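Look at the two complexes coming up: subunit A is in both, with subunit B in one and subunit C in the other.
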Partner chain A sequence: MFTIKSLSKSYGSNLALNKFTYHFDHGIYALLGPNGSGKSTLMNMVTQNLKPDEGEILLDGTLIGKLGHTYREKLGFMPQYPGMYPSFSALDFLRYMATLKGLNKKKAEEQIDELLHAVELHDVRTHRIGSFSGGMKQRLALAQALLGDPEIVILDEPTAGLDPKQRIAIRNYIASVALNKTVIIATHVVSDVEFIAREAIMLKKGVISDSGSPYELTQKIDGQVWQTVVKPEEVQAMQDKFRVVNIQNGEQGVILRILSDVKPTEDSIPVVPSLEDYYLHVFGDIL
Partner chain B sequence: MLRVEHLTKSYGRRVVLDDFSYTFNDGVYALVGENGSGKTTLLSIIAQSENAARRSKGRILLDGIEIKKEVSEYQNRVGYMPQRTTLYPGYGVEDFLMYVAIMKGLGQDHAAKEVNELLEELHLIDVRDAPIGSLSGGTVQRISLAQALIGFPDVILLDEPTVGLDLAERIAALNLIAKRGLHSTVIMATHLSSDIAHIAKEAVMLERGKLVYAGSTENAMSLLA
Partner chain C sequence: MLKYEIKKILGNKFVLIFFAFMFLVNALLSYYAAPQARGELNLPSQLDAETQARVDAMFERYEANPEAFMADFTERRTYKEKRLDAMGKANDKNMEAEMMGEEANYTIQDFWPEYNDEIRAKIDEYNEIYKYFNRVYSYLYEDLPAIYDGVISNAELFQQEYIAYGMSADSYEYRYQSDVIDIYSVNKNLPIRIEDRNGWDTYFTYTSGNICLILFLLALVPGLLLDEKKNGTFPIIRATRKGRIALISTKYLTLLLLSAFAVLTFSATTWIIFGIENGGYSSLSNFVQIFEANAYCPYIVTVGEYLGLTLLIKILTLFAMGSLLLTVSLLLKNHALSYLSGLVFGGANFVIYFTGFLDQNNPLRLLNIFTVMDTEVCFSRYYAINVFGRCLQYLPAIFIFFGLILVGSAVCTAVLYCRTPGVHKIRLNKKIKLSIPNRAFPSLSRSVGGYEVHKHMIAGKWILLLVAVLLIKGYTVQTTDAVAYSFSDAVYMDYMELLEGEVTDEKLAYIEDERANIDYLMSAEAEMKEKYQKKEITFAEYMEFQDDLETAKAKEPVFATVEAQRDHLLALRERGIEGDFVYVTGWNHMFTRSFDYILYAFALVFGAVLFTTEYGSGMAGILRTTKHGRGRLFATKYVLAIAVCGVLAIIFGFVDHMKMTELYTFTSGLSPVQSLPMLSEIKWDITINQYLMIFETLRVLGVILLGVITVSVSILGKKPVNTMAVVALTTVIPYVFRRFGLGFACYVDFTTLLSGNEYLMLAHGSVLYFVLFTLAVIGGCVGLILWGRRKWVKV
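Up next is the complex of A and B:
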């Protein structure tokens, strides 16, 4: 059980995180919000890269500061831009990280082998990281985060830069390991987490504006998501009047998906809201 | 209508594009494939981006006319957004877009009007005077998209246009791209299945430089999985 109490951090006059309080059990939690909402600040404090101005973080009732290196052994972190050592091979890198984490050598070798298979890098494990594509480095960063079977796993944009096949594989793998861990995923790609997250936390300018299961959140806008077909020349006018979240050219005309608490046009039909719709309901002022 | 015929490109012995042929009409085409499949090379050749087009074999025809014969006129009808560019860091946003507009042959007044509209559509009004080098990656991305759309080009080539944008910015960008797709040919290389599902009418899939599938986006998605 992982608890964050009233965590705050300012950078000069900018209050980046404001009394963030949340309680995490096992499972996947999605941290959603635009750039600058405080996601990275929160994650940097959870990983102890930053000191909070106020507030506490507790693991199973103990302040993480008091746990010392035990906390770092129970924590796995995948940063958004993994800085890696280009001359290391994937295998060497994971062995190095395992050493830093104080893992038993034999167990580490088994785990490393398993993880390399899971992230589909086993075939290239002896190749230099410098020769890896961005997506490969990403997958290696995920493997590193899972070394030592950590209880708390923090993933910052884990699927950015991956092609659809890899994204699905990574998503499935994360879902499979999350059963007995607390996994916190910060992402923009809401569709990636919609079906695997038990709860989503909407972070708006450093404050939790809402949270709940994807189902609970989407229920809040039930009846406010519509689909209608218009002529191409009508699209701009619709955008000026309503929050249009999708435009697609179809057989009969241009299909628009609209967020609106009133029925936009005569022939609009209500559609089932997605978590993405809910995100845009909260953060889509620009649309 | 853009017709690509037997396009082949190698870097030394490495074949990056292998006899690619396709006809693109109006609409948004999602160009998909694993990293390294040739998407960027294909876009940069169609854009007649110098290095890429050199020593590539095959032909590209726009409305029936082979572009090698009419290069500068073709350039005015093409918009290209390369992957991960820093543009010109010292230029102000509006100055840069005006520069592109004038280079594309738009008159001063026309250019000013169009640039202003793009600044609004892509929420760049607040940073119109800022030097590009001072802006975040996501903002530079939107500027790069804007410059590709100036002059309402008939062919719009976008390489990973929504990377680095948060969801609301991404939807705003996709909406704009979709609208352009109503009257132009848009070829958008993307690895985001949500981009594909959102606005593409068709998916064109590359594997090791070869065209392996072209058709509905649903089928493409299941092939990718």
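Up next is the complex of A and C:
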């Protein structure tokens, strides 16, 4: 359906993306990687905001360059730092985007109303965007990306700046609308995508280091994630010796979650690995 | 902290490049102006080295022993006068002898027996070398006292007239003349030293550098505060201990230092270039009135003090203007609008200064930044400002006025900068509170074009600026004084009413008869006087003749113009063109209108923001992913630029046209355009009205093309500041060069298209040239559009 073949891009001597190749069907695809791994570069090339040095992007077997605005009709994009017009109201902004997307007015109004409710901005729809908080702007940016029911939705850090409740709400909303779409979410907040992503693509220094369903990936480190309880004064020593991915205060002491090939302590117990554990396993040397 | 503020400025490439460019422009203008300056002041050409050495030696002899030198000088001078007198007498006698048929061989010695070779050598040396001393001597001891006596006696006469008309001695006008008497009475006794004055008078005529300084200031100031708002460091800085009052004070100090640095470096460059070109400078310690250009200077200052005051005034003016612009930039919170406001303010000042449509005593003209920085105005004669009937001298007025601007704007800036922003709530009492609403003005249209209009004109508040620009235009047009219908023009109009229309034999005969009549009257004065003395005519008849004679004398220069116009039409006839007699005054003013600075500034800034706001706000990436966000949006923005610039240009043209028709009389619109002597080279077979239409169309087209060019450059530059700088420099610099005499710059001067007539004249009146020029300009614009399209529409 949506295929990327050998996509590469350099900025001077810095190879930001190196022969990226992937095939996307319907569903949510998580593009995971630390800052500078090439996620935004890939997003910009998919949305034709950046020209690749080499490679192809095809939609249903046709190069997107040849499709022209037909491709863009099917595209929804939320960049990493979404721009807004501060003096526009939220409603007017979505109407403006609907006009640019060539939507029928009646359908646009219905969708706008639905989206504003979904992102919890309906009550402030006539307020100036300039008066919105960062989270409100983020939700509005997501709403415009979903406007027009696009087939391909590119979301670059969609939950940045949102509180936990909003993040869960947005995550669930994305999951609900992604059934017959291809949604590519670039993020380094793994928990946002772990339970909704069909596949996760680990991007490391512009190259796919691994990919697969979250379950497949986490299975690769099964038996390497441990939980142990230590005294508070032992925490530092454990951190120096092992890769501690989580620290939690418990009744009996400090509960450490550790990534290790070997059992860290006598009373350490193995736990089910999460996608975040796998993320840290892959990118631990970079972070 | 000062060190870091300066470091920020040095890290701003735009400011550095702009400074370097303006520095270079100033140097080039100085280099060009230096040799011109001597001509402006009617100074003799520079002497060759040998002669200059002899002149220097002569002045040194004077300084070494003034009494002995003066005795020698006076003797030579007397010899010269005696020789002239003797030569005159000899010539008269020789002429008389020739008339009487006798031998004409009278010589100087016949009337001055002591004249010999030694005396002749002294006179020759006087004529060759001592005349330079005499020029200064006679200026200081003959001309200058006469000038002051004349000024004083005129002032006394004015005072008598005021009293005769019933004006009070406490009135401003009376006090003004009293000041004039007091000042120039003191000046009469100034101990001005005789010296070989040189250099300073030409140096102080140079004013072009002020434009460079002001442009640099306009480019520098907005970034001083707005850069930190833009790059996000503003909230961080303000949260620190010294991030408010201390910081804004440091920024002001930085502005002062930069203003001083710019003034000193620019002035020093000019000083060096003028010194090299004009052979150095005379002493700083003599009174400034040593120079004829400063004869009427009301202040007792030396040349050195004058130089110091000049630099001080320039620094103060720049600093005050910079402070005002800082306040405005804080209010507008937008780089592009801040630059525009600076350009509009500077442009309005420039128009007032350059066009001179305000009376020279009008405070708007006197306290105009360009006039003030052209410090020669301040020191050229006595000026005063009327303050509640009292005279405030010009120099103190400058310091007070600009000092107030500086202090007032500094306080406002400090308050604006340091206050904590928030939702502004007005609490009338405990129960009622008002909040400024957050609601946005909705778009009235749902089309792409409608949203573009809403985005920029309504939400972006450009409509306010448009209204402001229209108001400024209306104000400047309203305050334009009519060129008073002088007697000459009234006479000319009378002649044209008689002659208007096609050239006929009757009209040519009339002109011949009128010339004969004028010549007769002007030659018959002696004859009529004799007749009156012989009582052949009465006193009344003699006075009637005198009236006719005075009228003829007054009409003669005007009639010469009419004859020149006749000759022009006859020459046209030889070229196969039947021109008409036309009253040209109004048409000349119509077609010599310069381009509109306000319109230029608006088109420049408006064109610069249409695409750059999308890049700046981060919306470009989103817009370009939508169906209509590339091709259609691209075209829509251009249409908006063309529409706004075009409509504004049409309105401005209409307003100018209305004002012109109010000020002047326009007739003979259907006459061939070549009937106007200034347009005789036009090779088209069109009427004056048709030419007017082409002229006005070109002016509108020029503004539209300027908008289009700016929009195209903005796609490539992505930032409004870069865009405006590039377009402004490429379009304005050739104009500035032309203004100061570099004629060849007209071929790359975009403002010729904006002014209309200059463009047509450049085309030498040829259709082919006109078409080629126009195609080249339009072709260039199309090229830029296509280039911009590639950037926005293509991947």
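The criterion applied here is as follows: the second predicted complex is superposed on the first by the 285 of 287 C-alpha atoms of A that agree within 3 Å, B and C clash if a C-alpha of one lies under 4 Å from a C-alpha of the other, contacts with A are read in each partner's own complex, and residues count from 1 in each chain.
As a working rule, a contact is a pair of C-beta atoms (placed from the backbone, for glycine too) under 8 Å apart; a residue touches a chain by one contact, two chains touch by 3 or more.
All values reported here derive from a predicted model rather than from experimental measurement.
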Would you mind checking whether subunit B and subunit C clash or fit side by side on subunit A after the superposition?
fit
Contacts of A:Gln144 with subunit B and subunit C, given as first, second, both or neither:
second
In the superposed arrangement, which partner chain does A:Lys105 touch: subunit B (first), subunit C (second), both, or neither?
second
Which partner does A:Gly161 reach: the first (subunit B), the second (subunit C), both, or neither?
first
With subunit A's C-alpha centre as vertex, what's the angle to subunit B and subunit C, nearest 10 degrees?
80
For A:His127, is the partner it touches subunit B (first), subunit C (second), both, or none of the two (neither)?
second
For A:Phe283, using the defined touch cut-off, is the partner it touches subunit B, subunit C, both, or neither? Pick first, second, both or neither.
first
For A:Asn44, using the defined touch cut-off, is the partner it touches subunit B, subunit C, both, or neither? Pick first, second, both or neither.
second
After superposition on the shared chain, which partner residues are touched by A:Met97: those of subunit B (first), subunit C (second), both, or neither?
second
In whole Å, subunit B and subunit C in the superposition are separated at their closest C-alpha atoms by 5
If you look only at subunit B, which of its residues touch subunit A in the complex?
27-28, 32-36, 123, 136, 138, 163, 165-172, 174-175, 178-179, 181-183, 191-194, 196, 198-199, 201, 221, 224-225
Residue ranges of subunit A in contact with subunit B within the complex
33-35, 133-135, 160-168, 188-191, 232, 235-236, 239, 244-249, 254, 276, 279-280, 283-287
Please give the residue numbers of subunit C that touch subunit A in the complex, ascending.
438-443, 446-448, 451, 454-455, 459-461, 614, 617-631, 633, 795
Residue ranges of subunit A in contact with subunit C within the complex
44, 47-51, 65, 69, 72-73, 75-79, 81-85, 87-89, 91-92, 95-97, 99-102, 105, 126-129, 131, 141, 144
